[in-house]
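Every chain is named by a letter (A, B, C and D) in the order it is written, and numbering of its residues begins at 1.
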Amino acid sequence: MDTKYDDSVLGRARVQDTPELEAYYAELNKLGAGALWTVANDIEPWEPRPSSVPMLWRYEDLRELVLKSSELVTPEQAGRRVVYLVNDKRRDVSAAVGWLYTGIQVTRPGESTSAHRHKASALRFIMEGEGGYTVVDSNKIMLEVNDFVITPNSTWHEHGVEEGGKTCIWQDGLDIPLVNALEANDYAVFDGKQPLEKPINYSPLTYGGAGLVPADQEWNKPYSPLFKYSWKQVYPALQDAAKVKEGSPFDGILMHYTNPVTGGHVMQTMGASIQMLRPGEHTKAHKHTGSFVYQCAKGKGYSIIGGKRFDWKERDIFCVPSWVYHEHVNLSETEDACLFSFNDLPVIESLGLYQEKAHPEGHQKIEQ
Amino acid sequence: MDTKYDDSVLGRARVQDTPELEAYYAELNKLGAGALWTVANDIEPWEPRPSSVPMLWRYEDLRELVLKSSELVTPEQAGRRVVYLVNDKRRDVSAAVGWLYTGIQVTRPGESTSAHRHKASALRFIMEGEGGYTVVDSNKIMLEVNDFVITPNSTWHEHGVEEGGKTCIWQDGLDIPLVNALEANDYAVFDGKQPLEKPINYSPLTYGGAGLVPADQEWNKPYSPLFKYSWKQVYPALQDAAKVKEGSPFDGILMHYTNPVTGGHVMQTMGASIQMLRPGEHTKAHKHTGSFVYQCAKGKGYSIIGGKRFDWKERDIFCVPSWVYHEHVNLSETEDACLFSFNDLPVIESLGLYQEKAHPEGHQKIEQ
Amino acid sequence: MDTKYDDSVLGRARVQDTPELEAYYAELNKLGAGALWTVANDIEPWEPRPSSVPMLWRYEDLRELVLKSSELVTPEQAGRRVVYLVNDKRRDVSAAVGWLYTGIQVTRPGESTSAHRHKASALRFIMEGEGGYTVVDSNKIMLEVNDFVITPNSTWHEHGVEEGGKTCIWQDGLDIPLVNALEANDYAVFDGKQPLEKPINYSPLTYGGAGLVPADQEWNKPYSPLFKYSWKQVYPALQDAAKVKEGSPFDGILMHYTNPVTGGHVMQTMGASIQMLRPGEHTKAHKHTGSFVYQCAKGKGYSIIGGKRFDWKERDIFCVPSWVYHEHVNLSETEDACLFSFNDLPVIESLGLYQEKAHPEGHQKIEQ
Amino acid sequence: MDTKYDDSVLGRARVQDTPELEAYYAELNKLGAGALWTVANDIEPWEPRPSSVPMLWRYEDLRELVLKSSELVTPEQAGRRVVYLVNDKRRDVSAAVGWLYTGIQVTRPGESTSAHRHKASALRFIMEGEGGYTVVDSNKIMLEVNDFVITPNSTWHEHGVEEGGKTCIWQDGLDIPLVNALEANDYAVFDGKQPLEKPINYSPLTYGGAGLVPADQEWNKPYSPLFKYSWKQVYPALQDAAKVKEGSPFDGILMHYTNPVTGGHVMQTMGASIQMLRPGEHTKAHKHTGSFVYQCAKGKGYSIIGGKRFDWKERDIFCVPSWVYHEHVNLSETEDACLFSFNDLPVIESLGLYQEKAHPEGHQKIEQ
């Protein structure tokens, strides 16, 4: 404990138990009440207190098990054929970190799921395969590796892989634990497949032009009208920025996926970012509120999170809990490395809860 | 279970355990993973699922115990001398309902607390006493019965009662459980008392004019510049509205306390409302997402919450959990009844999670 | 001309005419073109350049003529029986200052006008009389002296005085010259009187509570739902603010009438303010963009505008053009003086054109 | 005059002159006043009333004269070497249409201008040349044909062509007439050349990624951080949209250039759009408020504006005044045609003055 965080100072609860007080507490307890000073120091921590631990899930460990699921259960039986990743300290809420869920979904050529919707929002980052697609509110969108797609709150959605494609694997991210915690989730199944109302890829073809929006339509939904952020456009944008920017000391070249009609986060409860670590780059350490799930989209390196080293390469997934120091290293001296991440920043920011702190020494010591 | 909520339909997880699957689950478990279909139906409920139960705390039960706390501990020892009210199903997070904390604080004439601040936001509703005051970011504000005051996120605050006053009791409302759950709370103690920077009641005297804001200052903080909503202005506004409005079928004459420079909620994480039930009024039942804590500010009546009747009179406190049907009754045929309430609607709304449903039969049956 | 404003510097047009150039200009002229450098210095002035002059209209001069209009023409003939005030330099656009129109309207007991609407917005400030009313989009609102009321863009409106009332005179303010200049005005007549949809004074009785908005209705129109700002509430708010504020050095206690659901201006094209000059107060001089029309609501004093002294007392009307220095003086040592004003600040601000400059010496010298 | 627009109806001014009234008017006149009913029907038109006429400026007529300016005057003498285009009905305010100015600027290799700034905003659309650049607030940006660049309100700016480039010609668009009319323009010259603070093309390389914004910087200025909209990105976006959209019946595939951090117009006072007319497309006629200046960026065709046919091909410039019917025709059966345009829609929209009307018969008759 930092010496400045001393619960014996004026302004903290410093009451000693006595028999009289214990009798008093018992009386309160019978009325559905308690004495604040018995819990105050615990519920009013000096600094943000994460409940998760840093973890990394290696794709080479998981890939076979994910594929095996496609032999063990059908999409019809499973609803979604997904292996989910769970934080050692968040098993009670099925979260990978904080209130965020993540899983790895596999779909074989010719397979498709039924359509459903829920108050929880979802996003996907494509890991491998060909011919995958998602259908969001009757808009069918084709998926390629490293594409990022969204399935906002209450949109009907279903997925599949075309007959002639190759088995697709993607990472799902959802805020199910959060929406459950806020006692607001719901669920509905669509009767059959959604009819397609627009040509394929309508959303990215109409809203995917940089600095342009269609003049003949109004978008008043609280999420991005751009449902797919194509790696074919995203990676060149990172390269462009890297030509002229120093970038963040903590994150290299970091860009947020944004809603083109607001400049804000893609959805109300989850944001997502893409970042490039330049050859040999070792960022400085900082910590901030908000929970993050990363996937390595390109290259190899490691991150030091809460004093521990986590080595990653393409497709590995790891998490950074709220208020835990972290820094990133690209182990290649010649190639860039790219990290996709998603987070609960829209929640943290809209509720006024964001704060950030640079590591006082620049870098963490790695615990042995 | 409603017959339309049938987990055997396509789109829900319907996998039967087999030895092979159990072996598979064990393997996943070792890797910090699991099969989604083993938890999907649980974490994706058909409708919002509250974790709290409706409860009512009678002031006549609590008042003596609250006053007794002022004999048992000093403000210096306790930090805050507060009896908090805790939901039978939320004891783990010290919440009265959902993620909202509430307590009853007592301060005797001449007493005052030290100043502190935290990322959690706070509000107060004055129950009894004279000469009470709060100091928020160096602005001292005098308090009278039924006044509503705010202490937003990260503002320094302290309270007291003037030497010549009468013992003050007020209800505190905080979002501590929420901010802890979001792993974002912090705490700091002010070294001594805050210096007063403005004349007493500066905030309500400059921002308390209806439809007027001072032209010579900019307010860019994310909460209301009006720190006190005086019952002397609020009650006449309810009476005015009652002259010309039918009001809401579910709530009678219901008004939100608002930030005069945005028209929105008073703070980013908690909202508050005041409502008048006209003589004999019995509202219709509905349910919606969001958690609510009520205090009866005037009159007497009862509410039916989740099928149970809770009788209340002045100063009683009760709660309505998310997605639980509720309706209110004024038992007087001649006097109006007024209910103050605070809630987490700013959270629910900014995250896109609000939904509402009228009771199909208008009113609930009371469970015996 | 300030020496820093020298058109012989690099960056200004400094081309001398030659026969060759004159021939060139003639050729351009035939094609609907010209050489920019022949007009550049004129159309790119160093500082904002007003086209109006300061003026004051004394009520004692105008009142009899206004009343006389009620003998000369009927409301049916005149549409509106109004004497309008016109700036000596803006007669071509019928403006009192800049692009703002103002007039004085008289209505006798029992008279009423037909209803109409237009894209131009209107506002009124009540000067004398009893029993006056306005009907805005089917809401009837009673008017008293010094009340401020709005008739936003495209709302149906009509006015009258009850049979038992006293002749009413009020000041009208409109943005007709602006909306005409922007080539966007229109006009429609209502067939007969508007049916009343709400009880009398519905708007002020539901939206007139400080810091409160009705919870059961959504307001999504781009103007204030509060149609009347009652002097009975406004004057006490000024007095309250005067107790605790130093006020603006240029304006004393200045408050903007605001839309309670946004905190912004009452309408999209015109704002309005009320200000109190405390006994003996003499404000400092400044100038800023935006055009202003004032009416003295209480007391007596003078303003120095563009170096000229304009004495005013209750009901006198005067104007301050854009970018002209002005300062105000309350001539009473015991009574406060109050000035109502309306302006085009919403235009100036939303287009990014506001700027302000304090007089370098604090006060202007009065030109003789 | 439409029969529905009859000034003899109740609700319009219908007063006949009499000797008594004339005497009354003279008396008012002496006081800086007038009788509203003498001007009301004129200042309150039934429909929006444009003051400009449709015009087209053929580039083949103008190009030689524009180039000739570079022999007649130097940038140092002229400030800016520009031929401006002036509407036959707006010569008094040097406007091409409504309150919009446009001109054609020529710069020869090795030439550059000094830097200045003004409250008026500017934009440019590149017509021909190589090696042109603009420097906006110390950011140097290279220009290519059909690129669109902005110079917002109060940014320092200067232009030039690199030594090894080719003579550049571009269209300037400014709101000078509007900002002068609003009495808010100003002007300042920069002492020398702006120092470059960022690498060349910093703005488009950091903000030019579709659906991405840099995470490590805050943009809080009221205009787009993307200063250049490159034809290399814009034209493919039009092609993409044309694959999946029907487009607007009045405009074909029409997209607004937008501020990527707000989704709104690129600047506060002027917007800009790009549209594609597909081979053989003949749009329907409509009219709306707002003034527009077009440049043909690609292809050939004609527009019918206010009943007159205006033929255009690449680089021709034409205007559409407020509330004048217009429709566009692509004369090629095999190639698309593209029209760039800029407008005062941000003004019209933010002031609540937009309205639109489809032609009742779909198309206009061409007047002979």
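Methods note: a contact is a pair of C-beta atoms (placed from the backbone, for glycine too) under 8 Å apart; a residue touches a chain by one contact, two chains touch by 3 or more.
Please read all numbers here as calculations on a predicted model, not as lab measurements.
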Report task. Please identify each chain that touches chain A as well as chain D. Result -> none
Query raised in the report: For chain D, which other chain has the most distant CA centre?
Result: B
Query raised in the report: At what distance in angstrom does the C-alpha mean of chain C lie from that of chain A?
Result: 52
Query - Inter-centroid spacing, chain B versus chain A (mean Cα positions, whole Å) - result: 30
Report summary line: Touching at least 2 other chains, the residues of chain D are none
Query - Chain contact topology (line, ring, star, complete or other) - result: ring
Query - Complex contacts: residues of chain C adjacent to chain D - result: 9-15, 20-21, 24, 27-28, 31-37, 39-40, 43-51, 55, 57, 61-62, 65, 68-69, 72-73, 76-88, 94, 98-99, 101, 103, 114-116, 118-120, 153-154, 176-177, 179-190, 222, 268-269, 289, 291, 321-323, 344, 346-348, 350-355
**Report entry** Interface residues, chain B side, partner chain C - complex
**Finding:** 198-202, 205-216, 224, 226, 229, 233-234, 236-238, 240-241, 243-245, 247-248, 251, 254-263, 273-275
